[in-house]
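We call the chains A, B, C, D, E, F, G, H, I and J, going by the order they appear; numbering starts again at 1 in every chain.
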């Protein structure tokens, strides 16, 4: 497992040229995979990152590398969703961000976790 | 039929690591089956559990076993939907929960039952 | 044509076990057919009944027989939709009810009629 | 029930202007309904007529009226499919004809019946 | 081109039997065609009429004939949408009406125009 | 588990009125469920029965009851498919029969088993 | 109605640069409309032209104008399909050509006509 | 790359005949392509322009030519979306406008950018 | 990377109870992932295994573990498809086997590789 | 326009490791664009390359760059399809190859061109 601090360093940002305006950026990554922390078997899902940038935008290729870094980590659905939100918020400090994690069927049940962040005093 | 008290014991919960934040968990179980209380013939449906956890999350495998326990029970659509809501609320005490039960065609008619719970003084 | 009073007698209700809670029941009947009052030719449509039960629920098999009773009646789209609403409201006195009637293409045009009822002093 | 001989008289044909060439005509009638001969409850299905005309084509409006004539007949899936084939073959004597009858779910099971006719010495 | 006054005369209405209740009627006509006023080439689109009737309903067959009357008229997307709204409002005086005109791809671009009317002092 | 001999007795047949002609009957049962013989957990699938009747047709309601009888049997995918084929062939002796069993995802993998029977000296 | 001889003149062809090889060209025109010869009401359909060019290809814009020329002609489904085949064959003399005309629902029934041509001594 | 000032000159407008009414115009252009400013490789996306016209409407063909002008420009997703909004607002001064840019998968991730403009003192 | 010999040992087989009959087994695994041998970036695809068993069937859970073993291997599309075929053939010696590997978009292009094996002297 | 000889040099191949077996490789490129040779306006389409490799496989990234090279070329549908086939055959000499070019709607008509190559004395 990659040390969690290291994950953050994979993320890059760039300056938002249109910070005068609220607008929405959505990145959909349908090829997310991590491991079940109990069984070690792979989990598969789709991660959707939706946000209103403030001063900074997330660089797309670094987002891909960041998400790929979970490939061999054992982590629960609820935790990975909230952790991705915490990490992305910490690097780009958006006005708003929502993470939707849509996991494939396990034991006949599929699961979706949705977490969001709103900037204080925005 | 499994004694109803026994059903509750099938459900397991785990601590919500992110209780500081309202977020939504949705589990979709398209392989639900029970029996018609009138005819004894099998009913088939999809159960969707959507909730905002408070202190506790529902463990996924125990949810599957709990839902499977209705397999040989004779129970009405309206009752099973409300009972699942009552049971899940009683074990994980969520901030919010909604159960959607989407039953297959019987006599040319399909049916959907939706019931929700909101925590008092939340 | 079945005398309209007779239609009402086809509908059966049962006691709502969960009247302490507002919840929604939806029945979708895609096999509705009646006759065009002008041409006598058959019309085909899908009737969706959505309601919040109060003291009583509509029994599913009687609903099917009630809807089948329109098979050889000549009646306009707008009338059949509003009449089904009136009849169902009169037998189960719901907190809320909506009827959606979605009719197949006639003369290159399809039609949808939606009527709803809200209980007074609810 | 309409006397079966009467049904045949509902069908009209017209001269095939292009009988020098084998070509295919397909009519799809998704609004077919008849009655179950056991229970009297309505059955719903889609009838597809596919044929290579010889000297005669089936007139479309008369086909619709012919199919509508089954509305209040009690008849089995297998019988209605083969009877439609026999009737249409007898009035238009096609080089080839296939009837596909695709019936809606009953008791959780949907059914399709396919019967075809090939002209002898064609 | 049919003189515009003549178009209005194609529309027929009938008395709304359920004017005591607000309900919605939607007619979808996917076979609309007119001509481009610049090039004379045909345009194709889908017209959706959604309204809450007051005293009068639009008769369906006359609506079809009215829409067909644009077949050889040269008229802009924006104009035809607003004109259909004006005409239908003038004949049936609805409590509410919305026209959605969804035009096919031209030059790689498809277009949708939506206009609505609300009754004053309703 | 129902004794296997008992299963066969659930199936009923009726006389094929059109045995002079080869035609095809297809029944699709999307609500099949049995148990995994290893884990005891429920399996879900869709059973498609396609056949050319000879002297006898399978009665539809008895087919449903026959398929339902597997509900609490532990049996492998490959076995249940071939056994259904053997049973149905033995009761209706068709000119041709094919069973397609389409099972839901287990461990991220879905499975389809197809077996067919051709009458000897047909 | 455009004189039929005039229709042919609307079609243009260009030299096939790859006549050394059999290859297939398919043009799909979903915006075809003509008039019903009985009622004068518009018919709508999709025309698919599939062919193997020999020495000549059909120019796409002229094909569009040719198909548009049927806009105000009253003509039967079977006739228009065979006539388009005859016309296109006469101007481009293809090694093979198939016309598929897929007409919208009329009286609850949709229709598809398919006609094909094979070059003699090819 | 076309000088940015030149792009604006590609856009044409025409007088809104129905400026007395708020109505919505939506143009969907699924054939947008530009170049990645980093790699020079082509990007592909769908641009949706939704607006409420005030005095002026955007001429459709000029919109197409304007969008085509990005074909060989290297520009970021976020920039092109906001720039199209700025340009279209400057030429037609709408009461409201929203640009949605839906870009194809790159590195396993698809992206959507949404920006909107509201007229001040409208 | 797991030593290739080790991969084979992950696969288990069981005795085919119905080897007297040719029948088809299809397993669809949509969660396959390996690494690009050039860039080290993850590839994602769907592996479909279709075969006619002879004496032996592939055990489903072992197939899943076998496919999961490629998770951290760098291997080309063409190679992985042919290698899976070789491995599965060597352990279950089927009468027929086909592997279809359907890989997600890379650089705007998706790819499908299909390889099959037929038993000699079958 | 890139000199045609130059295009060929963009394509790279690699050794087929499994040339002992006939197997099929399919690459689907939905982001193809070129220019109309008459109007200069962009055309958009999807190119599908399906082939059975002999000694050599087409390298995927070079295929992408090769297809991108048509971006600013004016070329007819029929020509581009046949030329891609000729070029790919000349560099990888496959046992079989088929090119399917599926072009977007122009003037209300979409087009598909299919050309294939079979190795002589294979």
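We take it that contacts are C-beta pairs under 8 Å (C-beta built on N, C-alpha and C of every residue); 3 or more make two chains touch, one makes a residue touch a chain.
Quick caveat, the model's predicted, so the values are computed rather than measured.
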*When you check each chain against chain B and chain J, which touch both of them?*
none
*More C-beta contacts across C-D or across E-J?*
C-D
*Name whichever of E-J, A-I or D-G reuses the B-F interface, so over half of the contact pairs are the same residue numbers.*
A-I
*asked:* Suppose each chain is reduced to the average of its Cα coordinates; what separation in Å results between chain G and chain H?
replied: 37
*Counting in whole Å, what is the centre-to-centre distance of chain E and chain H, each centre being its mean C-alpha position?*
29
*Could you give the separation in Å between the centres of chain H and chain J, each centre being the mean of its C-alpha atoms?*
32
*Which chain F residues sit where two or more other chains touch them?*
31, 41-42, 44, 104, 107-108
_Footprint of chain G on chain D - complex, ascending_ = 16-18, 21, 23-31, 53, 57, 60-61, 63-64
*asked:* Quick check on the complex: what are the chain G residues that touch chain E?
replied: 31, 33, 41-42, 44, 68, 71-72, 104
*asked:* Please output the residues of chain H touching chain I within their complex, sorted ascending.
replied: 41-42, 44, 104-105, 107-108
*Would you tell me which residues of chain H are touching chain A in their complex?*
77-79, 81-82, 106-116
